[in-house]
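Presented sequentially are two complexes of chain A, the first with chain B as partner and the second with chain C.
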Partner chain A sequence: MTAGPVLSVRDLVVRFRVHGRPTTVVHGVDLDISPGETLGLVGESGSGKTVTVLAATGLLPAPPVCTVRGTVLLGSRDLLTMDRRTLRSVRGREIGMVFQDPMTSLHPSFRVVDQVAEALLVHDRALARGVACRRAIELLEQVGVPHPGRRAGDYPHQWSGGMRQRAMIAMAIANRPRLLVADEPTTALDVTIQAQILEVLRAARDGTGAATVLITHDLGVVAQLADRIAVMSAGRIVETGPAVEVFAAPGHPCTRILLSAVPRLDRPAAPRPEPVRGPAVLEVRDLVTHYRTPGDRTVRAVDGVSLRLAAGETLGLVGESGCGKTSLARTVLRLVDATSGSVLLRGTDITQARGRRLRVIRRSLSMVFQDPYSSLNPRMTVGEIVAQPLRVAGRFRAEGGARRVADLLDLVGLDPGLAARLPGQFSGGQRQRIGIARALALSPEVLVLDEPVSSLDVTVRAQVADLLSRLQRELGLAYLLIAHDLALVRDLSDRVAVMYLGRLVETGTRDQVFGHPMHPYTRSLLAAVPVPDPRCRYSVPLMPTGDPPDPADPPSGCRFRTRCRIATAECPEVVPELVPRAGGDHFCACIHPAEIPLRRGP
Partner chain B sequence: MNRRYLVRRLAQLPLTVAAILLAGFLLIHLAPGDPVVALAGQSGDAEYYAYLRAKFGLDKPLPTQLVIYAGNVLSGDLGTSYVLGRPVAEAIAERLPATVLLTGSALVLSTVVGISLGIYGARRHGRWPDTAVNLTALTVYAAPVFLIGQLVILGLALGAGWFPVEGMTDARSSVTGLPRLLDIAHHLALPALALTSQEVAAVARLSRVGLLDELRQDHIRTARAKGVAEGVVVRKHALRRALLPVVTVLGGRVGHLVAGAVIVEAVFGWPGLGRLLVTAMQNRDGPIVLGVFLLVAVTVVVANLLTDLLYSWLDPRVRYG
Partner chain C sequence: MSDTAEAAAGRLEAGTPAPAPGSVRRVLRTPGGAVGASLVLLWVLVATLAPVLAPTDPFAVDGPPLAGPSGDHLLGTDSLGRDLLSGIIHGARTSLVVAGSVAALVAVIGTAVGLVSGLLGGWLDDVLMRFTEALQVLPRFFLALVVIAFFGPGLDRLILVLGATSWPLLARVVRAEVLALRHREFVDAAVVGGASRLRIALREILPNAVPPALALLGLVVAQVILIEASLGFLGLGDPNVTSWGTLASEAQRFLRVAWWLTVFPGLAILLVVLALNLLGDLLVDALAGRR
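Then we have the complex of A and B:
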């Protein structure tokens, strides 16, 4: 490399004052990023990745809350000693940044186009507003927003997460920066959209020639883009090296833990015990759940779904956000009323049950929620939380009172002695265990798991998944597992159903669906899962295009046809039915399922 | 903003006002005291009482009176004052400008000064100017309007002698042109200060907290990362949504301002609607009281509608339907 590094960080120390006590969160970090290079900065949450970059760009709170020492050279100028005015002219012009959550990173009260245009106007006072807006529309087009000119009046809430993240990227590259920083740019997105955004980032990087820092906890994501990897742990860089080498031979234990925590779809699945083909505990027949929106439109959240769940079995339900997975689960649990169709619990329809009968039915059905931080009442002790279902059902005494609570906590691997504590004193993984204990309190037959590990740290996910497997074996529970993490679904499920825009498009055993996916949607979902190996990057032709359509106005015929790469003139005409293929219990709803096997890699 | 919603809200307006008028009408007639006795004295003769009752239509049954009153209001006639012997609309119109001037300037003052103080405090969060603003605001907020009124009179009018104690104009001042305006402004200062101090305190506290909350948002970090100057970040990006609670409170407090004006007008001898209302109530002068009710009701309902409209402008995600 002839030129010096674009960004050179030396001995960066960041201290926060938490409750009056200074805490060092970054301990002397050194980093160099060469022109045109992409550095993957990886580590668990809390390892100091984001703080390092925010400190380098002066975006942390001012002292005394936060103090930063060291040097951060952008070219030859030190960002840390720069006056505020100069630093401002560097930000957004020489350094473009993309943040994690596109839902909150755009200003909700300003039009998207104006926000992109602002990035230009701030650094060029001579620029006319109209010109800046036209340029903003060009930028949005460049990052793949369809027809940005027609959407010039739109506010962020009218855009999908993927489109908003494209807008963030457009803003970041507006002034052709020398350095592009992307902080967990795809963490809040669906895997299909993640694949698209990573492609946009790659194009943005190649188009501007900017050196890039990609911050992420997901080694699969980093493998798609990074040339070099730096691994952070507890505020220090513990390993750094070329991406191919770090992935092939991780040196530091932290790297190995991170790497082993990544679910691998490209490797054989963990074996599962032979499923018991018992009678169905839960059967869903032609279930339809529609919502009315204020504008008198009908959102077809669930639009004719049939499922069967046997005792002791796990059915994995996968699909992008907004496809109706959660609505289906809520309807099954009677949290939402079905528009039509039936839900049979051990043969009896529960969709019409009311009052006392409904309460009895609810004991057999239970739910584990996605977010263990918001689904536990912060003012109730853990013991009270777990006892709550027992009390509501009037069975607290009958089930053994405090002893039952202690047993439940013990069952999920928590010390029963901690029952008097509040949820705030537990980690995310422990909280999810509390949520599971609560779900098990009334000895249900069916547990609905709605994204049970997706808000947990990568390294904790495996532990909670193991717990769920063990509980299923010991208690003979039937799981309806809703997740967008395909590798998790593969590891835990006996059968899998793929949902798209309110309908099932493919069902079968997990080996059928993951091993020989037939529906083009299933195949593109699987192709979008990043493999943590820089030698196996995405193959573009398998990617689904664009966003899912509006569930209030689904496309005619096959609903996937608008994003399908093999759609033909017939697809808008025929509504494809789920019909058995090859094995007999492998169903697919596509009029021409290609027989091309899913392959990629070296 | 969708037009159907606006039309529906406007259609609801007369209904709300009618309900308020009905309640006011019933309250006045259920309250103890007789306007005829108030007018003719305790020991008038029965014939004269009957004459007055018939003159004001008070001899008819209550439902009939209500129907007559409602019909008159619909045709734009608010009735005639028992005591003043002149049309209610005329009496109100005469006093209205003084009250509009007082409450209007209080509203503008509290918005401008309150929000400025809020920004000042939020930008110095945790340092002594912030604490000072916060403490002062809390103290003022906790003090009742009549107390503040008395204190400013004692301090600034009687003590320092900078401002007149009461009234709206000086008897010796000129009747036209700029000198008259200055004279009114001079008289307005203290009542406006007394009326506005609590609003300023409330707005300052709310906008400070709203701003502090807003400055922690992700989209503020985005703005800073774009290179937007800190002042613009605060005034353009953060303030917009920080104002949502302020707008709610200000809209809701238009009614309070009017109620506060009643007290302040009494304290400062300000010739506005508040004093008209107080006198009318003492005299059991029903038509005047109802007329003022009507005006206040319409003001409050319209202010609420404006608040909602402003809301969806400040945050386009807010949709009414």
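Then we have the complex of A and C:
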């Protein structure tokens, strides 16, 4: 038997009817996937990569809305001419699929185990239900769900995103498919969980020997798994070749743009001007913020954090989602009240300030929000939005009124003539600039940036990041930068603090934290950032294990010990303090920070 | 009738993304929206210009009794020889006065209750919402009937009793909007900018919470018109003004000999209620960001 391609797509054309006008989305795509091979299908959003695969598996809407032409051969059978019944028996048995959003791709009101068993039962009527359930538990074990037998009664909402994505993979490989399709399988997840899921996918592929199509916009992710790469742009394949070659010498401009958009932690950081070691403008002392949930549990979002931010410097705050970094920022800004501890602005405690005094304090403390679509009032003009803080402070006239607003818009690179427009007429990047102009209206000293670029397109991110750097230089602002994009934090920060489950585990200059990370959490966080080079794949000893624990019920002693690869019997007993290491201003909260080399690759 | 408004409120309460600018204009371009809007416009025009448009005084005896539609009397005459067209034109005025006044009352009370309840929360929210629910289960038509029977017919008391009981739906929608808006980042931005609670309520939240609720007002008004007509039909309308319900009520004795007396007032009610429902439904969908 010769090993012909598992899937062979020839001249695939997909047309959609958009507002009555036919629009061609895929223009004649050819693809071949050999058995056991992993193809990375990459491209920007809207390049047609998902539509190509949905068309090939017959998952697009029926003809009036959408027409598909060409041939898609699975083995020797054409999927496009197959009748629905046969197609149904092929999907799920010969083709397994994993989708992007694990939160919505499981049925919320059936047990997870039953849903995995269902994947077996629909293709094998003779199978007994009990046998299917036992097999489902084995499958869940195989994809790394801890104690699936004990969790047999669980519904999807009781599982984290990472665990649900594991369940999706278990369903996809349940019938040992010949072809495994994963569409942006890790885009909705934290880097640490992403690294775990990619490992699971690799094991699933190796276990079933299935040919795999990995669809993603992130070249770092592709580099971890793919043997061969096809780059799509505007509905066409513009470049294809072995992964190692494409990454080493990208031929097409689109490939180069995609490559340059990947945050590179393996490259030297952008240089930063020598920080002016000014006095502390903002100081956080033993800050604690607890929330009470309706179930009367206490979520320890921030649990004893101390920070110091000097004038004109950037402090980067990193950690997985749910680690409390946003709660910390909201407490500093007095959007939520601190449970205990203090926040000093130029030496004055602001945690107890109320009414008029609080409003005066707020003038020197401002914020840029994450979502430029939700942070601008849709019914106010841009001019009104930017002028709002001035009017509230009663300084609109004193600061020059409309001229001040025009100056602010000009400062952030927007045409002041657009002040009369509503935010709905601006793009995401422009909206974020408006948000920055508003934050600067009262000439604050400290700006809190909460994921300032994460909801923007990759190409716009760099522009907004540059704007923030320029403003800091020109206006001498101090930034508290919260982001999960480690490369962005490295490029913009002077000092970095790493947060885990409400506590800081490591602080230091960016070169100390990124160059010589000491805490095992920092190391695993850095190791989880995928490098867009197939020769530098994840190194397993550094990978974090499992999910972050529940912040309402943190582990005793060191909070990271449940996921730590070097935890010992002492770790549950001792609460590690942040103590200075090596350089003096490099702090780490771990009782034995062993030196595991971080370097990986060839 | 009340089901449509409830369903519409449900769609609104399900949480609304920011309405796209120009969505009202888009609604007016759909066939349903265009028909609804033109009929409502016609109704308002006829009502305001009633004295100019009507051929005669609606109470003036102007021709032979029970004459069918003809060149002299386009829609025929009633048992006393009064012109039916004039009656219907002036009836539009009555329905508009009642609908408009009730709508104003409902808008003010509903928005105020919804805003206070959503913004302040706590025990006040609980008290206001329980009271709202109590009003919602009250049979409004029956209440209006009792009030009119007790105090005698009159538009003023009808407006008061309907206005005081028709706002719960609106209040609940405004409250749901406020709760959703409170956690939007632009409200946080205003707080960080030092804005007072009052300023946030009036400048940030109110302008965003009210439009979807106002769309619902059309559906509430449609119900009010029906109640007013029903009371007139039961003979409890204000005897000093012409109303579509009263016209239809007088007509029932002559159903076999003078069909026009029943058909035309009925048609007027049907068209206005239909138009308000069409428009209201589409606006609710548009402002809720779903079409």
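Just so it is clear, the second predicted complex is superposed on the first by the 552 of 602 C-alpha atoms of A that agree within 3 Å, B and C clash if a C-alpha of one lies under 4 Å from a C-alpha of the other, contacts with A are read in each partner's own complex, and residues count from 1 in each chain.
Operating definition for what follows: a contact is a pair of C-beta atoms (placed from the backbone, for glycine too) under 8 Å apart; a residue touches a chain by one contact, two chains touch by 3 or more.
As the structure is a prediction and not an experimental result, all values here were calculated from the model.
Of the two partner chains placed around the shared chain by superposition, neither chain B nor chain C is touched by A:G316.
When both complexes are overlaid on chain A, the residue A:R362 reaches chain C alone and has no touch with chain B. By the touch criterion defined above, A:G324 lies against neither chain B nor chain C after alignment on the C-alpha atoms of chain A. Of the two partner chains placed by superposition, only chain C is touched by A:S374; chain B is not. With the contact threshold set out at the top, not one residue of chain A is in contact with chain B in one structure and with chain C in the other. Contact residues on chain A toward chain B in their complex (touch as defined above): 57, 59, 84, 88-93, 95, 97, 99, 101, 104-109, 118-119, 122-123, 155, 157, 168, 171, 294-295.
Partner chain A is touched in their complex by these residues of chain B: 217-219, 221-230, 237, 240-241, 314-317, 319, 321. Residue ranges on chain C touching chain A, taken from their complex, read 18-21, 184-186, 188-196, 199, 203-204, 207-208. Residue ranges of chain A in contact with chain C, taken from their complex: 333, 335, 358-360, 362-363, 365-367, 369-371, 373-380, 388-389, 392-393, 422, 424-425, 435, 438, 441-442.
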